[in-house]
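Chain lettering (A, B, C and D) follows the sequence in which the chains are written, and residue indices restart at 1 in each chain.
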Amino acid sequence: MENQVRVGILGVTGYAGVELARIISSHPNAKLTYIVSHSYVGQKLSEVYPHLQNVVDLTCEELDVKTAQQRCDVVFTALPHGASKEVIPALYEAGVKIIDLSGDFRYNDIRVYEQWYHQEHTAPELLEKSVYGLPELHRAEIKKADLIGNPGCYTTCSILGLAPLLSAKICDTKNIIIDAKSGVSGAGRGLGIDYHFCECTENMKAYKLATHRHTSEIEQELSLVAGETIMLSFSPHLVPMKRGIFATSYANLNKSISHQEVVSLYQEFYKGEPFVRIYESGLPESNHVAGSNFVDIGFCIDERLNRIIIVSAIDNLFKGAAGQAVQNMNLLFGLEETAGISAAGYYL
Amino acid sequence: MENQVRVGILGVTGYAGVELARIISSHPNAKLTYIVSHSYVGQKLSEVYPHLQNVVDLTCEELDVKTAQQRCDVVFTALPHGASKEVIPALYEAGVKIIDLSGDFRYNDIRVYEQWYHQEHTAPELLEKSVYGLPELHRAEIKKADLIGNPGCYTTCSILGLAPLLSAKICDTKNIIIDAKSGVSGAGRGLGIDYHFCECTENMKAYKLATHRHTSEIEQELSLVAGETIMLSFSPHLVPMKRGIFATSYANLNKSISHQEVVSLYQEFYKGEPFVRIYESGLPESNHVAGSNFVDIGFCIDERLNRIIIVSAIDNLFKGAAGQAVQNMNLLFGLEETAGISAAGYYL
Amino acid sequence: MENQVRVGILGVTGYAGVELARIISSHPNAKLTYIVSHSYVGQKLSEVYPHLQNVVDLTCEELDVKTAQQRCDVVFTALPHGASKEVIPALYEAGVKIIDLSGDFRYNDIRVYEQWYHQEHTAPELLEKSVYGLPELHRAEIKKADLIGNPGCYTTCSILGLAPLLSAKICDTKNIIIDAKSGVSGAGRGLGIDYHFCECTENMKAYKLATHRHTSEIEQELSLVAGETIMLSFSPHLVPMKRGIFATSYANLNKSISHQEVVSLYQEFYKGEPFVRIYESGLPESNHVAGSNFVDIGFCIDERLNRIIIVSAIDNLFKGAAGQAVQNMNLLFGLEETAGISAAGYYL
Amino acid sequence: MENQVRVGILGVTGYAGVELARIISSHPNAKLTYIVSHSYVGQKLSEVYPHLQNVVDLTCEELDVKTAQQRCDVVFTALPHGASKEVIPALYEAGVKIIDLSGDFRYNDIRVYEQWYHQEHTAPELLEKSVYGLPELHRAEIKKADLIGNPGCYTTCSILGLAPLLSAKICDTKNIIIDAKSGVSGAGRGLGIDYHFCECTENMKAYKLATHRHTSEIEQELSLVAGETIMLSFSPHLVPMKRGIFATSYANLNKSISHQEVVSLYQEFYKGEPFVRIYESGLPESNHVAGSNFVDIGFCIDERLNRIIIVSAIDNLFKGAAGQAVQNMNLLFGLEETAGISAAGYYL
């Protein structure tokens, strides 16, 4: 238990925050030392989330940079949108490693951020230093980073599904469509009539078509992989389940290629990746990954139309948020990359 | 279309309110003339609830007693708790028939109300004039009433399940237990973390054990039927479905009685009732009644323990609120009792 | 009650069959006279589906063409795949009007049927006489038909969502993608591990990508509308809800067009249609149509990519099966087209 | 990795079996060496359950006692009802430790088994040697056992909720009622119309009232604790969720006792128990325990009626089956009792 990474979580009572607390609670090389929740100061986390009774018995505290500096080697910031921009520069100054789960530090180009978030970025110098925390594409930089912008849930699922295809330059880059479906926990714990049980259950809908912020993240990363500017359709949908991101991506092939060749191409691209599972046959379903850090990817080639359909699935709270954040922490501190996040999901 | 009952709904954008609007929209002898929603004044109801597009195209208005008086023969008040007490006396004065869906006018004894609702009743003289709107027990009074206290959802299901048993005096009246389960729409459309999709789905819980207000309504009505003071356990639970009240009621028999005798006793008690269905075998399930005004009742006699278990089910928004309110309206205006509410539920 | 259309349902215990029985039970101009279920001969339908107690009290019978001929003006065939081909020719001979809910009589070209269904068609001469039962496109022929091939659920939703666009020739016809999502009742009542509650709830998946039979139906009808051969991607998904088809369709625009122009174009195309609702703003959700015969259509124009995204939604058992079948019956017998199917859905 | 307990699972493709495989896959002191599934011989478990890809890559084999003897220190038998009776005697002879998840080895009195299971017991001599695997009541015997009858899901939840009360002799033992609610996975992976998604979702029901086999198990264990014969009502219900057992138990108090005294009594009874969590205030919900080995217990004292209501919750697949089986394995092999099963559940 010596030499364990000391972990702080800011915004611990949100869904990503509590998933982080749960994962850290059984991580072999890390321990939780500081949990912050503005709304629940003085209450035990296990009073807010009773499943953590006898497992995480820490009490929520106010945010204090000094305390974070003294008690933590790394801080995960899972704050409501906007709140992280205030505290992150101070933590950075204090020398604490930061893994930020907001959108604020995911961009290479500040103009893209400001265009899609409709606000000024208040820490442009930190944005430059931050690293995009998608290990499958940026592992080397992550290991040396001080500030990691942990990717969004839709983003992780979409990018990993399409990167090998674009890297291989075997599709038309002008007609890419990602039709994505999310469980409701992706919207967080905040209240809103759209997330009322009676409005969600037995219902589904599309939202923010053509305008969802994650579009810009996906385009940024796929442009890097493709070596050209990628612009694509990204269409989010809400489906009545708690967890899960499911992306159905479409692209027109620019050459004839067999199913097996696509499988091999993806297997090669993701060789050695501990969390990517390529389907030789069949297709992922959201409960194949629920509760785990895996991303599952499968394929259908429509020979009639010379079009490929790629199906990818992740757990939005795990590989799409808390699990990936821990994967980044593991890389940052030289731990086994899979430590604490290697278990299978729960399926049922 | 002449001589149709002109209907107003106060609180039309709540779940009971919109269910009323839906039922009235296809009622052969009633038409909607006035809909009130403080939060949505100036908006069409079909903007708030798009399923009503092309079906109900009225616009939500502010509450105004004069308007109600001019446009309505009857007003359903489905207001947030407390709000109805202000407006109902004024409507009553104005000579409008009132069917109130709150708890305010359901009591014979003001002290019971004040004890369980922890507040003073502000219209005690109206409480005296009001009639408890459970047609199966109070049909004659309902027909002549000016103000009807429409029963609660748990209440309707529980009372109708137990009334014949208590009327027949064949059980110990000291050990009655009602273990009741409700879908989430019973809690209304208001926001609360307890009704967030992610907290409800795949979850169940008990709440307000031994203290739920509907206990007092059930005891009032069953005491009348039994001819003695009944005190019982009423335990509400929340289960992850939209609609439905399901009550499992327990009583110790004071004599030996066969399953068939119980069936006959119930059939006799509810003879001619259009909405009560007695199961000769098998048991009700909540989707047997979802979307309909039926109350289904089945039985199990545990001979080993000489105990009877009664299972009753209703749709909380229909027979437990809006449908029963329309049944009361039909009685009040001399219409066919089943008009507009006779259809089967939707099962799927 | 005189002159009511006498209705038979073959396959009454399947989900489409029982929905037909429910709709007919409250239809003002039709009555159920003959219900057939091979598996439940001699049982009341209300024993199999207790929500129909006191509403439909007919008993399931064996199939007999003579009986159908004597008792029925029209027969709905909602039989398991393949079974309808045997009985329909005999019924046709006997002069009974037939509305078939299988895929067998939906095709103009027998080769298309045989290619997508991988079997020979056994009644090619009837196939020629049959009419495709989509009133919005084939109303005139339906009125004179003797045999109607009632469209599939995915099909109805997809065709109606895209027809005006293709009719107006304002999009590239080579890059049309329909990403469709269905509730589980679309798979019927048959048992299969894929439809086990524990495998469906909190799970979603894609299936039959590029090979689903409804693709051919959609292409047939859209080709007619477009005046050219349309080939497109149709991708079905299963989402954890009972009812609902939700289609997100993509096409590249070949000219610049505003949102309002698209709305007008659709409003014009569907002028006078009682069941099509065009959204001037906002988007359909599956619970806007659940329990009703409406098809709701909304739009998003992605100006960045000059692409249109069309969202359409229906209830798969209603407008996608039983409701549309009744709409066809109404047309066939000169009844009000909306008779028995005009009510709003239930939303909750 | 030396000295790991070698584990076999018979019936690995059922829901309890695959949950066992998942738990063992991350158990620090055990490894899976033999998995048997009659229906899937030759297939990888991860083909049947893709969430286990890269985690459990064993192939399902036919049952062979020799193989079990050679490869396993312990075998979990999670076979369809009846199948275990054949194989268990042979395994027992071969000296393999057995933890049986069926009902066959849970009884002290063969007559009780035969009365509730309506069949002869075929291995009465083994029944005598078997130990009831509820660690909180039988830890000492479990440690020395060769054959453990792992308790049922309803049973575990009910017994642990009531044992301290009966041990303290503070209630009337003639009026105990357990109203229990279960998620659908309790019914296993077998097909049946009752477990079809469309029949389960948005629906709930009671079943096997007064006749469910688990009644006899509960009565056996509570009689031991109480020191007198206990007979009680046990009422199972099916609610639309995957996992979870939720029991609401009622008993009349024979003395006045405060809430805090009850809490203390339970805390004392379960002192040192790693998996029992007593609620000082509030009540358990099923998602407090989902995915974990915890049993949560809370209380409501109804002073008006001098009645106690006890709410207890477990995960039926975990503490109600696989997790408890692993807890028994840990005890059997002298491992840390919480090894491999100490993590918090997933809540969301």
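List of remarks:
One rule holds for everything that comes next: contacts are C-beta pairs under 8 Å (C-beta built on N, C-alpha and C of every residue); 3 or more make two chains touch, one makes a residue touch a chain.
None of these values were measured; they are calculated from a predicted model.
When you average the Cα atoms of each chain and compare centres, the chain farthest from chain B turns out to be A. Taking A-C and B-C together, the chain pair joined by more C-beta contacts is A-C.
The geometric centre of chain A is 46 Å away from that of chain B, both derived from CA atoms.
If you average the Cα atoms of chain A and of chain C, the two centres end up 39 Å apart. Centres computed as Cα averages put chain B at a distance of 36 Å from chain C. The multi-chain contact residues of chain B, meaning those touching 2 or more other chains, are 15, 185, 198-199, 201-202, 240-243, 284-285, 287, 290, 348. Of all residues in chain D, those touching chain A in their complex are 15, 18-19, 22, 25-26, 49-56, 185, 201-202, 242-243, 274, 277, 282, 284-285, 287-292, 294, 296, 317, 342-348. Interface residues of chain A facing chain C in the complex, by the touch rule stated above, are 175, 177, 179, 181, 183, 198-199, 201-207, 209-210, 231-233, 235, 237, 239-244, 246, 248, 250, 252, 283-287, 290, 300-302, 304-305, 307, 309, 311, 348.
Residue ranges of chain C in contact with chain D, taken from their complex: 15, 184-185, 189, 191-193, 195-202, 240-242.
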